[in-house]
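Going in written order, the chains are labelled A, B and C, and every chain counts its residues from 1.
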Amino acid sequence: LSRNSYKLSEIADLVGGELKGNGDTIIRGVGGIKEAREGDITYLADPRYASFLASTRASAVIVPPDARCTIPSVRLQNPHLGFLKVMEAFGLDIQPRPAPGVDERAVVDASARIGDNASIGPYCGVGRNVVIGQGSAVMHGSYIGDDTVIGDECLIYPNVTIRERTRIGSRVIIHPGAVIGADGFGFAREGKVHRKIPQVGCVVIEDDVEIGANTTVDRATFGETRICSGVKIDNLVQIAHNVVVGKNSVFAAQSGIAGSTVLGENVTLAGQAGLVGHLEIGDRVVVAAQAGVSNSIKPDTVVSGYPAREHSLARRIYACMKQLPDLFRRVKALEKKVEEGERK
Amino acid sequence: LSRNSYKLSEIADLVGGELKGNGDTIIRGVGGIKEAREGDITYLADPRYASFLASTRASAVIVPPDARCTIPSVRLQNPHLGFLKVMEAFGLDIQPRPAPGVDERAVVDASARIGDNASIGPYCGVGRNVVIGQGSAVMHGSYIGDDTVIGDECLIYPNVTIRERTRIGSRVIIHPGAVIGADGFGFAREGKVHRKIPQVGCVVIEDDVEIGANTTVDRATFGETRICSGVKIDNLVQIAHNVVVGKNSVFAAQSGIAGSTVLGENVTLAGQAGLVGHLEIGDRVVVAAQAGVSNSIKPDTVVSGYPAREHSLARRIYACMKQLPDLFRRVKALEKKVEEGERK
Amino acid sequence: LSRNSYKLSEIADLVGGELKGNGDTIIRGVGGIKEAREGDITYLADPRYASFLASTRASAVIVPPDARCTIPSVRLQNPHLGFLKVMEAFGLDIQPRPAPGVDERAVVDASARIGDNASIGPYCGVGRNVVIGQGSAVMHGSYIGDDTVIGDECLIYPNVTIRERTRIGSRVIIHPGAVIGADGFGFAREGKVHRKIPQVGCVVIEDDVEIGANTTVDRATFGETRICSGVKIDNLVQIAHNVVVGKNSVFAAQSGIAGSTVLGENVTLAGQAGLVGHLEIGDRVVVAAQAGVSNSIKPDTVVSGYPAREHSLARRIYACMKQLPDLFRRVKALEKKVEEGERK
């Protein structure tokens, strides 16, 4: 149950952190380090923002153990997580909660099964044999194709399209405009013409996945495209047919994965990163922003650049690039000297 | 007419391939090399998957003439195309076929002409003077602006937006969330301010084109943005105003083409490739993934990298890049030696 | 008030340009340099198109002061702007003007306030306490979440999603499929699991902004994501949470900005450019196509390449890259000579 105010000492207990400063400080809300007002608690996770500690109007701050600050603080290893717990203690969870029930302006096939407390908004379409679990909401104008199954407590935002035979777990969030289960991009060439390969597979999305606005996840040619549990995908991301994304992976906006590539658990793709098809990407791999991956990657590797290479090598290469004009001058000078030396 | 089972010898005849092994093997279905079950036929087109031939549960396989395999096989030059023919023989074509008729929950202007057996789904909008051909389907929530013409046997998936005066041929597939005919991005600068240039042109999409989910094709400033027949475009692709895409070109996901660039026939853009505006791209050009094209390209050229260069040159350049840190060491060593030589 | 024809001398006066050739030439319309017909006026802004002047069928042309051409012309510094004024004189402004009124097939909460002459199209959703200003149009199937405020004379195209508490100014255009106010992409890591950070902020879009088809602008974690007045954003662009975009900036298609980056006024991002989070980008910065920006940039700087560097340096680096294979040969030759020199 959420309350309206906490003593800072209570917050320290709540998050399992060390109190420094006046534990009786009354905390009435939360805020970002720039936006916080008096009475708020804020946090500092990114050291680049340390300079804002001097100017924040917050009454207290959650910081790493060794951070310097003069206002009352709670110290713990993971300030971000501690701050999330404080947000929850204040009841901050502003996902929309549409009223339960099927809106009379939705078209729901008679064979569909809608769970208790589920909500189907106006102008939605729900096809044959669709199952929608308890407490799930399908918002304005979204379309759920035949034989699709959606678990409990999911939130499908407006104008989402989910095609037939998709299987979605529980507590999945799909942001507006996302398209799940469109045909994979497969053609057989016959002379100059490309003939469409039917895409008879489906998409499976496990529990606790989040899929960003206008992101696309294509159905498999055969079998499944699978997004494993806990995966978080940002906006405008492309997941091609037969891709498998391992548990708890995180993909930033505009990244893309071509067909049949298989990714391990806790893989991170930064923004606009791209992976060609048919690769194997190990657990905990990190792909830097805009990197272009054309080879499989072993677990626990960080890669960057185009073509993507192990990050420490890539950094050295890109540092060298900056000095290339100078290197050309040096080589020219050497050639001159050596030529002169030869002439003597 | 499709059947439920075929002898392998019949399949060999059907696809025009050479039978190897027991022609009486009964084939009851098709499957990907990983997903196939006993009784299925599969195929091997990509040599990277050859290792799966040993473990596949399929009862037969379509392979290139020289492939090694122990299970019964059909051999031909284009296994992909042969496999497609087998899929068709089994009746595998799972495009949705919405029931013909105009749903009472669609809003269709009285002046629109809807062809025989066409389907207009719930919550669609069909504007003034729109023509929709025989057997075409416009699915849930899609919007067709005034004076747009759509040919026969097209499939417009849910939540697509097609603006006014678009002309679309026959057998065109437009996947969910795509936007056809939004304004081109054109402004005249007046001091610091950008003033909008009206985009009075339109979009023309010829026969047999496929347009991916959440892809955008902008209307021309004047004249047309044109997608010629047989072009296949993947998800999240941007086609700017006044672009012309030649016949049978294929664009992978997240690629983008800036304004007024004209592409020849059978051009291939791999994922995330980008082309600046006002270029001419020759027939059969291939642009590799993430390549950045800033100059026109002659026919039959493969380009890659940033800035995009002829592929064999780009490969050499990127191979050199890997050795740059070493090159800097070598030059430093040379400088030292030459300096020592001079001192002597 | 627009007319059907003008003398060229009138057009010269209208745009404040210098007449060259027959001022009595009658102009009946406008057209692009390739598309124009007899009686049209066209323009030449891009010198790459100068060769089309010889073949255009236009009866007159707006050109820069020093351009060579044989047909009657009007000369001024900014032909693009002059041409826009002529388009306006001919009444060319083809934005859709949906009929005023709330369609009976829209769902509008009783608490919403809809301005005079505003238009709410079929299958739209308008939430609690929404305010929509005079003359604004919300087209087919778009969704406006609770407590959102939209100013006057805005145009919200079909299938747009605008989530709750968004604040939008006047004369804003939002193209089809755009998503405004989806959750920012923020998670706190707890072991292997990513826990969602509630995104309690909002999006503010000031006057005269244009947002492209299928573009996404995320709501702030706290505070605001802000798009200042006059900003023009193309299709498929990603604007992450807490980004601030300064006045009159222009972003081409598929560019993306990660969280909390702050951009000055009149910043230009070319296509597919990417900026990491937490940067400061100065006024009038230009980021070239596909550039990858990982550091803050001072005002009036042009950057390009990956990682993005000042453009003149980047150009030299990329020119060097082309000669890298040759440089390796030269260094090898030097090594051989020096070694031979040492042996002597």
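Methods note: contacts are C-beta pairs under 8 Å (C-beta built on N, C-alpha and C of every residue); 3 or more make two chains touch, one makes a residue touch a chain.
As the structure is a prediction and not an experimental result, all values here were calculated from the model.
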Exercise. Residue numbers at the chain B-chain C interface: does the shared fraction exceed half, giving same, or fall under half, giving different?
Worked result: different
Seminar exercise, completed: Turning chain A onto chain B by a C-alpha fit takes a rotation, in degrees to the nearest 5, of 120
Exercise. In whole angstrom, what separates the CA-based centres of chain B and chain C?
Worked result: 26
For this session: Please set out, as single numbers or ranges, the residues of chain C touching at least two other chains.
Result: 123, 141, 159, 177, 214, 236, 254, 272, 290, 306, 321, 324, 327, 331, 334, 338, 341
Exercise. Which chain C residues qualify as touching chain A in the complex?
Worked result: 107, 123, 125, 141, 143, 145, 159, 161, 163-164, 177, 179, 182-183, 185, 187-190, 192-201, 214, 216, 218, 220-223, 236, 238, 240, 242, 254, 256, 258, 272, 274, 276, 278, 290, 292, 294, 306-307, 309, 313, 316-317, 320-321, 323-324, 327, 330-331, 334, 337-338, 341
Problem set entry | Interfacial residue positions of chain B with respect to chain A in the complex | 30-32, 34-36, 46, 48-49, 78, 80-81, 83-84, 87, 92-96, 103, 105, 121-123, 139-141, 157-159, 173, 175-177, 210, 212-214, 230, 232, 234-236, 247-248, 250, 252-254, 265-266, 270-272, 289-290, 305-306, 318, 321-322, 324-325, 327-328, 331, 334-335, 338, 341-342
